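Same chain, two partners: chain A is paired with chain B first, then with chain C.
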Partner chain A sequence: MESATWPDIGRMDDWARGDSPAHRLDARAKAVATLAFIVVVMSFPRREVSALVPFLLYPVVLTSVSRIPIGEIFRKMLVASPFAVFVGMFNPLLDRQPAAVVGTIVISGGWLSFASILLRFVLTVWAALALVGCTGIYRLVAGLERLGLPRVFAVQLLFLYRYLFVIANEGARMKRGVDARAGGKKALTLRVYGSLIGHLLLRSMDRAERVHRAMLARGYEGRVATLDRSRFRADDGFFVFGCLTAFGVARAWNLSAAIGRLVLGAAA
Partner chain B sequence: MNAAAVEVRELWHAYPDGTEALRGVSFRIAPGEAVALVGGNGAGKSTLLLHLAGLLIPRRGEVRLGDLRVTRETAAAARRAIGMVFQDPDDQLFMPTVAEDVAFGPLNAGLEPDEAEARVVAALERVGAAHLRDRPPYRLSAGEKRAVALAAALAMSPEILLLDEPSSGLDPRGRRRLIELLREFPHTRIVATHDLELVVEVCSRAIVLDAGRVVADAPAEEALNDEPLMLAHALERPHILRHSHPHG
Partner chain C sequence: MHMADALISPAVGGAFWAVSGGLIVYCARKIKQTLRENLVPMMGVLGAFIFAAQMLNFSIPGTGSSGHLGGGLILTILLGPHAAFIVMASVLTVQALFFADGGLLALGCNIFNLGFFPAFVAYPLIYRALAKDRRDGARASWAAVVAAVAGLELGAFFVVLQTQLSGISELPFGAFVLMMLPIHLAIGVVEGLATAAVVSFVAKARPEALPAAVYAPTPGRLRPVLIGFAVAALLFGGVASWFASTHPDGLEWSMFKVSGKEKLEAPSGGIHETLAGIQEKTAFLPNYGFKTAEGESAPEEAAAAWPAVSAGTSVSGVVGGILTLAAAGIVGLALRARAPRAVGGNG
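Our next item is the complex of A and B:
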């Protein structure tokens, strides 16, 4: 019922309950590798496209090994894509300098940087979704905390995730209440909308107080302890080492160009 | 597990806005007794429960759980003696999976993960929810949520169970299961509820509150069968008692 009101973020919990070599990796290993991945992808010059392509390998492998349905990943990326499109959409207009030639078509720098932004968006969001999908938000946050994320942030993240559903659901119920009395007219005027959001905020604050009480009642003293007993094994070390090496190599050399030269050279 | 006595003496409570929620409440509950707190909306039931749970500290009057007097210093210890089931399970089930949630209390009490795990298994089995352990709480039905919330309270090995409207939102079958469970528990049980039929089945005694005072404290059937008393305090005589008293 609640997944209908919130774009099925809860599905990621289902993925995380699976079992695969990717699931079995320690959360810290995956977090470090994915963070490194994002940093490296973002570190390329702004018109770079071809050198970024090999990086697709990381999310593709992570997704397929952990058997996360790729269609659902794409759907989630689509939801977030307007942000990336808006960030880059004016580049082709602002930067008309010719930068590359494909056959007889001259491509301007603006189009290249636009493509680069979109590609980076796909790479980073996909990697992050795959990371959460094969780890689960809870193990992930616990792992980040063990890596040194301050506890305040860790607890914040967990609660954000847990109560997203509850609050989204409350919002949906309130909207239904508005619709029920709207008499077929468009009821969500700006004024109604403001009042709705205000009420949602107040309700959320009330709820926060009740949740805090429920935590105190069970002995909460500022520390969220976990049942997680996972250890960092040799496999995790290899995984991190392998990923960092691969990212480093792909950052230092444009592998697409190298393969292109290799193929063309062989053909010549 | 030892059931503990509960004693409240001349307890007063005013909220910051000036509302006097409790005005000199006193009673004593014996170890293992099941007692209902009944009364209309705003009678002071929830405020009283918060005091019993060590979540509000008496400014005037006192609350004793077993040998422990609840003060700011002893509040943490008081909470360990208590298992509280809140009215809205969504307030209580905040961890990502059922097992993690039930383990929350035991881990806070300083148990090792292995011991906590054993408690989780036992508590979930006790309420018939062992199969839910890896599910995220927001995906559960109302009845399942209530069962898990109950398990979360049981996992703390409390001496006293406090339940705030435990049957609200449950379908008849879920409510029936809850009643059977509550009847079997050896703990001292205090149930704040409007579900008077549940009171008749679960509780041996009823404390009737109105406007922050105890207006009746009697065996449950006797109090609930007293039609003038019930009507005077926003309650009614439950049907279950009408049927068992054909002359009533």
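Our next item is the complex of A and C:
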């Protein structure tokens, strides 16, 4: 959540403006499938690794079909990874029970569960980013509202997103001003910081007042109108049904191990 | 600190989704009742402000490091608990969706940890009680620091609790608490100082921007009770960690009783087998523990090791996993090659 990731958000809007079979799916279908995906992935026992691998297909397909740049997804993942990695890396130290044997190498349960955490992290984060990437915040929120998200919260999400860039630009201008005048010093004293951020706050609040007046002038009556009149079509039904079936199958049977046995069996 | 999807079980994630979802519905209803007309754009813009404010840092005297505003407490001071909770929830949602910070399954936990405690515990029970109606000066600063620390410590404690209940990390409860609480003590002091600095600036520059009288003050008679409760909450984390460090067995034993799992390393198989049995029965941790993989795979040489271990299973898992990974990659590339044009298109 550092300033370096700022331009990325705008770029995710560009992703969502594309057109592909994944983009055309109803936001509700994608949201439900993605949530089911995350719940199923996280329902595996903690040392599971191989059975999780087939689940990569979901974010991979979604990302590829909608032509989201994969490098940027990975960069976002890297930025977000410290907490999961930090907490997970204690597992190999704490759980040294032998849990798997590959050839002559014995792998401890801790390493398995650490690998599992990393894989789960990649899967869950990737799926969420792919969902937003091929849907966009406006259609996603509109879809969620139709799924029962309270209107106040839906409106809040859209407003926050809309003004993120405006206020962030104001913050960036301030930062540039500080950098230009600070004479090489990096951080401010608390006093200066308080008045700078205070000014930013007051300007933001003034902007909210102006926005509100402008909204009233344009006939605002409590909801943000979106042009998206997406309907839940048969395709969307098939998509949700197919995803849920696939997740169920992959949850019930370890497909990786099955393929491995098949290949090894054929070779022998 | 944001809870990550990768560390959380569906049961814990779902439970906190339900709690946070309920709170959002409750707050949304309360906001509709207040009828403050400009509240909608104000909430949106202040959420954006929280993001923007994190671009600027101030130096922490004597340490050489720097800090910035966190969000929950100042939002509550500006907007009141209900609106602030909704704004925090929206900020965390945007972080989860666009920054991959936290995650969708963990979103309920994060909204609870970082939204509920500042808005509904730290502000009404600590900040209001300590600061009274002051917005400026030493008293208000102290109130902000104490409230911010308490809010963050409670949030951090719940991160530990949620991680433990999920059972994916192996970190012992006591050690994790000892790690998280001191870090968040420091973060809380920084957050409190930043909040106090900004609030006191606004109080001087434009006092009418601070909604002093919008919320009914805490009834006088309740105040001592609430302060007592707040101090108890503040001490709770410290006592818990002290308890954890002096009586690790006791605490872990109680964790075991609560959640059906124990974090001590037990070398002998007997305890593990009993535990596995208990874990299967505790509905709160479904599938947790030692899965007997592939029912058929014969326990060839694995008698000494794990119930689920068999060389055959592991090898086929590795081989199959690599093949599946390769297949996923090929599918991705193939779909990419087939798709007609780049994102954004003719713009």
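The rule is short, and it goes like this: the second predicted complex is superposed on the first by the 235 of 268 C-alpha atoms of A that agree within 3 Å, B and C clash if a C-alpha of one lies under 4 Å from a C-alpha of the other, contacts with A are read in each partner's own complex, and residues count from 1 in each chain.
Definition applied: a residue touches a chain if its C-beta (ideal position, glycine included) is under 8 Å from a C-beta of that chain, and two chains touch if they have at least 3 such contacts.
Bear in mind the structure is a predicted one, so any value in this text is a computation, not a measurement.
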Partner, of chain C and chain B, that touches more residues belonging to chain A: C
Which superposed partner A:249 touches (first chain B, second chain C, both, neither): neither
First, second, both or neither for A:218, with chain B first and chain C second: first
First (chain B), second (chain C), both or neither touched by A:88: second
First (chain B), second (chain C), both or neither touched by A:195: second
Contacts of A:77 with chain B and chain C, given as first, second, both or neither: second
Contacts of A:110 with chain B and chain C, given as first, second, both or neither: second
Contacts of A:147 with chain B and chain C, given as first, second, both or neither: neither
Which of chain B and chain C A:136 touches, first, second, both or neither: first
Shared contact residues on chain A - chain B and chain C: 2, 17, 137, 158-159, 161-163, 166, 207, 211, 215
Sites on chain A touched by chain B in the complex: 2, 10, 13, 17, 136-138, 158-159, 161-163, 165-166, 207, 210-211, 213-221, 223-229
Chain A-facing residues of chain C, complex: 1-10, 13-14, 24-25, 27-28, 31-32, 37-38, 40-49, 51-59, 61, 66, 69, 78, 86-87, 89-91, 93-101, 103-105, 163, 167-172, 176, 193-194, 196-198, 200-202, 205-206, 209, 263, 265, 286-291, 293-294, 301-302, 305-306, 308-321, 323-325, 327-329, 331-336, 339, 341-345, 347
Touching residues on chain B, where the partner in the complex is chain A: 50, 53-55, 76, 79-80, 82, 84, 86, 88, 90-92, 94-97, 99-100, 103-105, 107-109, 113, 116-117, 120, 134, 136-139, 152-153, 156
